[in-house]
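Next up: some structures, all given as structure tokens.
Both of the next two complexes hold subunit A, though its partner changes from subunit B to subunit C.
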Partner chain A sequence: MSHEQEYIEIFGQNRALIEKPCAALLNAARAGAADRFAAMGFPGAKSEDWLHSNVAKRFATDYGMNLGRVEVKADMHTIFTCDVPNLKTRQAYIVNDTFKDGENSKELPEGVILAGLNEAAEKFPTLLQPYYNTLASEGDNIAQFNTMFAQDGVLLYIPRNTIIEETIQIVALLQANVEMLSNRRLLIILEENSKASLLICDHSSMEKQTLSTQVMEIFLARGADLDLYELEETAHNNCRLGHVYVRQMADSRFNHSNITLTNGFTRNYLNVSLEGRGAEANVNGLAIGDKSQHIDNHTLVDHKTGNCTSNELYKYILDEQSTGVFAGKMLIRPDAQQTVSQQTNRNLCLTSDAHMYAQPQLEIYADDVKCSHGSTVGQLDENALFYMQQRGIPADEARHLLMYAFAGEVIDNIKIEALRDRLHMLVEKRLRGDLNHCKGCALCK
Partner chain B sequence: MENLLEIKNLHATIDGKEILKGINLTVKAGEVHAIMGPNGSGKSTLSNVLVGHPAYTVTEGEVYYKGKNLLELSPEDRSHEGLFLSFQYPVEIPGVSITNFMRAAINAKRQYLEQEPMNATEFLKMMREKRALVNLDSKLANRSVNEGFSGGEKKRNEIFQMAMLEPTLSILDETDSGLDIDALRIVAEGVNKLKREDTSSLVITHYQRLLDYIKPDIVHVLYNGKIVKSAGPELVMELEERGYDWIKNENQQ
Partner chain C sequence: MKKKNNILKKIANKAYEFGFVSKIKTEIIERGLNEDVIRLISKKKNEPEWLLEFRLNAYRHWLTLEMPTWAHLDIPPIDYQAISYYADPLKKSKENKNKEIDPELMKTFEKLGIPLEERLALSGTAVDAVMDSVSVKTTFKEELKEKGIIFCSMSEAVQEYPDLVRQYLGTVVNYRDNFFAALNTAVFSDGSFVYIPKGVRCPMELSTYFRINAANTGQFERTLIVADDGSYVSYLEGCTAPMRDENQLHAAIVEIVVNENAEVKYSTVQNWYPGDAEGKGGVYNFVTKRGDCRGRNSKLSWTQVETGSAITWKYPSCILRGDNSQGEFYSVALTNNYQQADTGTKMIHLGKNTKSTIISKGISAGKSQNSYRGLVRVSKNADGARNYSQCDSLLLGDKCGAHTFPYMDIHNNSAVIEHEATTSKISEDQLFYCNQRGIGTEEAIGLIVNGYAKEVLNKLPMEFAIEAQKLLSVSLEGAVG
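Up next, the complex of A and B:
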């Protein structure tokens, strides 16, 4: 039996179990998703989009799924004692797929909802109805798979004209003593002229094989402003399949940085849909790989209407036998006149065993636009290395300085100063080999 | 006077092609030597070989520096021992600020010499003093090394780094190229201010004009991978008047 068939059967046999603890809104989306998943299956080896990331193989493990919602005990304070200097965050957790609010959390402004997705869908069905699964329903097989099985996650709702000053930090961790698959779902809604910054740290340090699918749908109304930082620090036996869908209305701004410090097999998909004039999207990525790490970032910046701006910068540093994949598409549709769009992808392969597959794509159907893209794969600049050695900087140190500078360009795009400083430090540690695997939240130590 | 640098019968190749064909040269402490010669004679190869550029292979000969076998030292250790090259084409290093670059260089040297790292206040004070020596704008010091610098700024930055590292033997590889007359004067004055009784320089140049400011004690002509003529400063004038053809002709016979 093929792996997709196994999961279709699991879904069929456990439908009642899956749906019992869940809100009607989540359950209503399952049947359609299951049909679409059955039609698509897992991506085959011949699928262009998955050519370098064999995801079907990732589902071959006989994972446990906590469909019966057995409560997982997790003492957050023994795992994480977060005291990032100067980074005041409002914390929450996702353990496997279950939302847990942070203790001693400060009050958020009136009308803001930060809650478990399932609980929120029970309490505020009419609020979530116009949003839930409206973007992901168009998505690929993994998005459909997530919709079939998703039972919880996070809702963040920010009413109009509300500004949240402190960063909201969501720490996602995996905890189980068996091989485990979990499906997380995040829904983020920013009403008109609201503003927030959100940091999501993805951790796992389990001895068992783990797989998480994560689907995040983000809605930015007119003038809304969201900074989203995703930081992955997982382990070699983890597989992360992360999907982010963003719909931006007029004059909204979306600033995204996705940083993979340590991982096993990662596939991130980002789909930004610019649907209102004057919207701006800045999307950044940094991936640092060694050993057999596999980091795949697929992005689509979809200019559906005119006068929007997008900037994209993705950088990879690949050491040892690691593999990087970058496929970034900029789509400028016929109505998207006066678009300004720029994409840069730069990659360092430090060994001959490291592989980078770079596929920048630019599709332009409008005639009055300003677009550029560029992609390079190379080694550290030998001339710069020698210049530094001549000044007395030892070869290893010179390499570090060059790599650190290379990564720094992405980190510098982070708007929160305390987080930027922290990430500079983490990246430096990572490049020096001091951060080879997750030991809890490195942001917090 | 003590011999600072002794080059004996030095042969070197790049990509299998022999460029240096038996160089003999002795530099004593405190001396300024000029090395002149037509294009392609091996001047830049000589400077690159001395600082240990990995593209060049030494096939024969010996080089002693302060009595040590220079060819056995790594490029960074040659630097720590006081050898400095002002590059003909200084390299741009995006993302590495001059301050961080110099801090890494100074502290690596201090570690080699078994000294404590320099504290921040001391270091920044030193940066300020040495910048003033070559009129290097403080704004440039916060920028990435050489990135977007003009030709003159790059050369001034080289001399600034030389001031920071206080070398015993400085090799100035065509430091005058690409400089207008004002920039040339600033750079040359910087070099002269750094001159001490025990420090020496190898000034590599095509033209007389740099040597109007930095007065050599001995002038060598390098041709076809060998030093074919060595004389006092008067040789500079003769070369300026007669060009290099007579040297080429003499050496073809």
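Up next, the complex of A and C:
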């Protein structure tokens, strides 16, 4: 039996179990998603979008799924390593897919909702109805898969004219004692002229194979402003399939940084739809890979209307046998005049076993636009290395400095100073191999 | 604004100069494709058994394939059984044994400006003219023969140099390569064969002129160029077709073998009939072109100016197998009205210290879609590979599209790969500046576009550069909305 067939059967047989603890809103979306998934299946080897990331194989493991919602105990203090000094954050957790609010959390401004998605969908169905699964329903196989099985996640709702000064931090943990598959769902709604910054850290410290799918739908109303930082520090046996869908209305701003430090197999898909004039999207990514890490970032910035701006910067540092995939598309629809769109992708390959597949793409149907993209694959500049050694910096140190500076360009786009400092530190540690049980890769030698 | 639109319309309505139909007696075989048709073609051409076998294998493989859909093209379904796969304008009747060329045919090529007669020897280009499925005349053969250069039609080569043909045919583009390569291998009719012996520098440009004349026929020519050690050749290719309401299919293969220290320069000015302003008719140009730089220090340079065809699907590629080999790709692709083009190149770096350069200039006008699609692959052992790609697009009008799809597959850490692309329209400032100096908008656009494409046009041999420049101006003057 094919893998998709297995999951279609699991869904059919356990439908009552899946739906029992869930709100009607979540359940209503399942049937359609199941039909679409059955029609699509998992991406085949010939699917161009998945050419370099064989995802069907990832579903072959016999995972456990916590459909019966057995409570998983997690000791935050021993696992939690995401402390950012000098950054006061409003914390919350997701253990596998279950939302838990942080201890001693301060009250958020009036009207703001930060809660478990399922609980919120029970309480405020009319509020969520116009949003839930409206973007992901158009999505690919994995988005449909997530909609079929998703039982919980996070809702962040910020009413109009509300500004949250404190960064909201969501720590996502994977925790179980068997091979496990979890499906998380996040819904983020910013009403007019509201503002927030959100940091989501992915952690897993499990010995077992894990697979997590995550679908995040983000709605930014007129003038809304969201900074979103996603940081992945998981383990080599983790597979992450993260989808982010964003809809931006007029004059809204979306600032996204996706940083992969340690992982196993990661596929991040980002779909930004610019639907109101004056909207701005800045999307950044940094991936540092060694051993057999596989990091795949697919992005689509869809300029549906004119006068919008988008900037994209993705950088990869690949060592040992790691694989990097970058496919970024800038789509400028007919009549999206006066668009300014720029995309840059730079990659460092440090060994001959590291592979990089880059596909920066422009698809343009309007003429009064300024669009450009650039992509490079190369090594550290020999002249710069030589210059530094001439000035008494040892070769290894010089290499580190240059790699650090290479990565720095992405980190410098982060708006929160404390987080920026923290990431500089994490990246430096990562490059020196201090992070996550490094057994001495070529990066830190 | 209104004036500019008028200019646009005028240009859009500009007639295709080469759209006449020649009244030539042509022998066309029954429409349809099956093994008997292939046997018939092979028999007509008096081919050896191995070639027939080669065709049949390709045909059997083709039956297992489906038409590719990955290109950014909207291709209406093609009925491969409605096409006649062989049209011979020479129609040798019993009384016409001496293979005299039909005077109508001569007129056709004269209208096209092709110097078939050696009275035009002054132009100094050797020409092989291919009408429909058959090569009608090759000039300067004798002069070339003195140097040991073989330049003849493919059918002739199969008869006279079967060993050479057998040694190289299908070694660069295997029939398993893709759908159209399999189709071409099964039914290819004619084309040019060029062999440059060791150490010989071809004293003149070699040129092939292709024309589809007969209705409901496809053209499936096959060109094979072999440049042996230390040789040099510059090869030109031009093409036209009459205006017809129905679409015509052109699926060609060009194979180039470049041995040690040899250099081949391949230039194309493609001007197949692009269809009318409503997108009716036109040639489907689905071509597989590939060169294999087998020897050390070999060099292959593709230059193309693509202005014709309703749909273009074409990726002239270089396999850089020999150490220090170099590949170049210079392209200007222009689309207007409802034309669609998905064109680019593949640079496959296999040898050490291989270099490739890609310069692609796309120009879209009317309601056309123009895509660049290019692959740069650096294999694990290709130490010191270097690539530079630049893909610019110019948009003339707000209904057209310009797309860039580069692919970089890098498996070696010493590779340095750069790609950049920009998309913009003609700057108002430049136009204004020209207008200020008394240069009309129409002329100014011609100037700017030619300047934009200059980097590529400069790579063309002189006569072709002038033709290409004229073509660009004809298709583009004033096409700014």
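The criterion applied here is as follows: the second predicted complex is superposed on the first by the 432 of 445 C-alpha atoms of A that agree within 3 Å, B and C clash if a C-alpha of one lies under 4 Å from a C-alpha of the other, contacts with A are read in each partner's own complex, and residues count from 1 in each chain.
Note that in this section a contact is a pair of C-beta atoms (placed from the backbone, for glycine too) under 8 Å apart; a residue touches a chain by one contact, two chains touch by 3 or more.
Predicted model, so just to flag it, every value in this text is computed and none were measured.
Novice: Just checking: does A:Glu397 make contact with subunit B only, subunit C only, both, or neither of them? Give me first, second, both or neither.
Specialist: Only subunit B is touched by A:Glu397; subunit C is not.
Novice: Looking at A:Ala358, would you say it contacts subunit B, subunit C, both, or neither? Reply first, second, both or neither.
Specialist: The answer is second: A:Ala358 touches subunit C but not subunit B.
Novice: Figure out whether A:Arg69 sits in contact with subunit B (first) or subunit C (second), or with both, or with neither.
Specialist: In the superposed model, A:Arg69 contacts neither subunit B nor subunit C.
Novice: Can A:Lys195 be said to touch subunit B (first), subunit C (second), both, or neither?
Specialist: Once the two structures are laid over each other on A, A:Lys195 reaches no partner at all.
Novice: Name the chain, either subunit B or subunit C, that contacts more residues of subunit A.
Specialist: It is C that touches the greater number of subunit A residues.
Novice: Using the superposition on chain A described above, determine whether A:Phe386 touches subunit B (first), subunit C (second), both, or neither.
Specialist: first
Novice: So, A:Pro334: does it touch subunit B (first), subunit C (second), both, or neither?
Specialist: second
Novice: Answer with first, second, both or neither: which of subunit B and subunit C does A:Lys208 touch in the superposed model?
Specialist: neither
Novice: Scan A:Asp368 for contacts with subunit B and subunit C and give back first, second, both or neither.
Specialist: The second partner, subunit C, only.
Novice: Within their complex, state which residues of subunit A touch subunit C.
Specialist: 48, 334-335, 337, 347, 349-352, 354-379
Novice: With touch defined as at the start, can you tell me which subunit B residues reach subunit A in the complex?
Specialist: Touching subunit A: residues 51-54, 74-76, 78-80, 84-85, 87, 90-96, 100-102, 104-106, 108-109, 112, 144, 161, 165 of subunit B.
Novice: For the complex, which residues does subunit A have touching subunit B?
Specialist: Contacts found on subunit A: 381, 383-384, 386-395, 397, 401-402, 404-406, 408-409.
Novice: Note which residues of subunit C are touching subunit A in the complex, please.
Specialist: 70, 72, 380, 393, 395-425, 481
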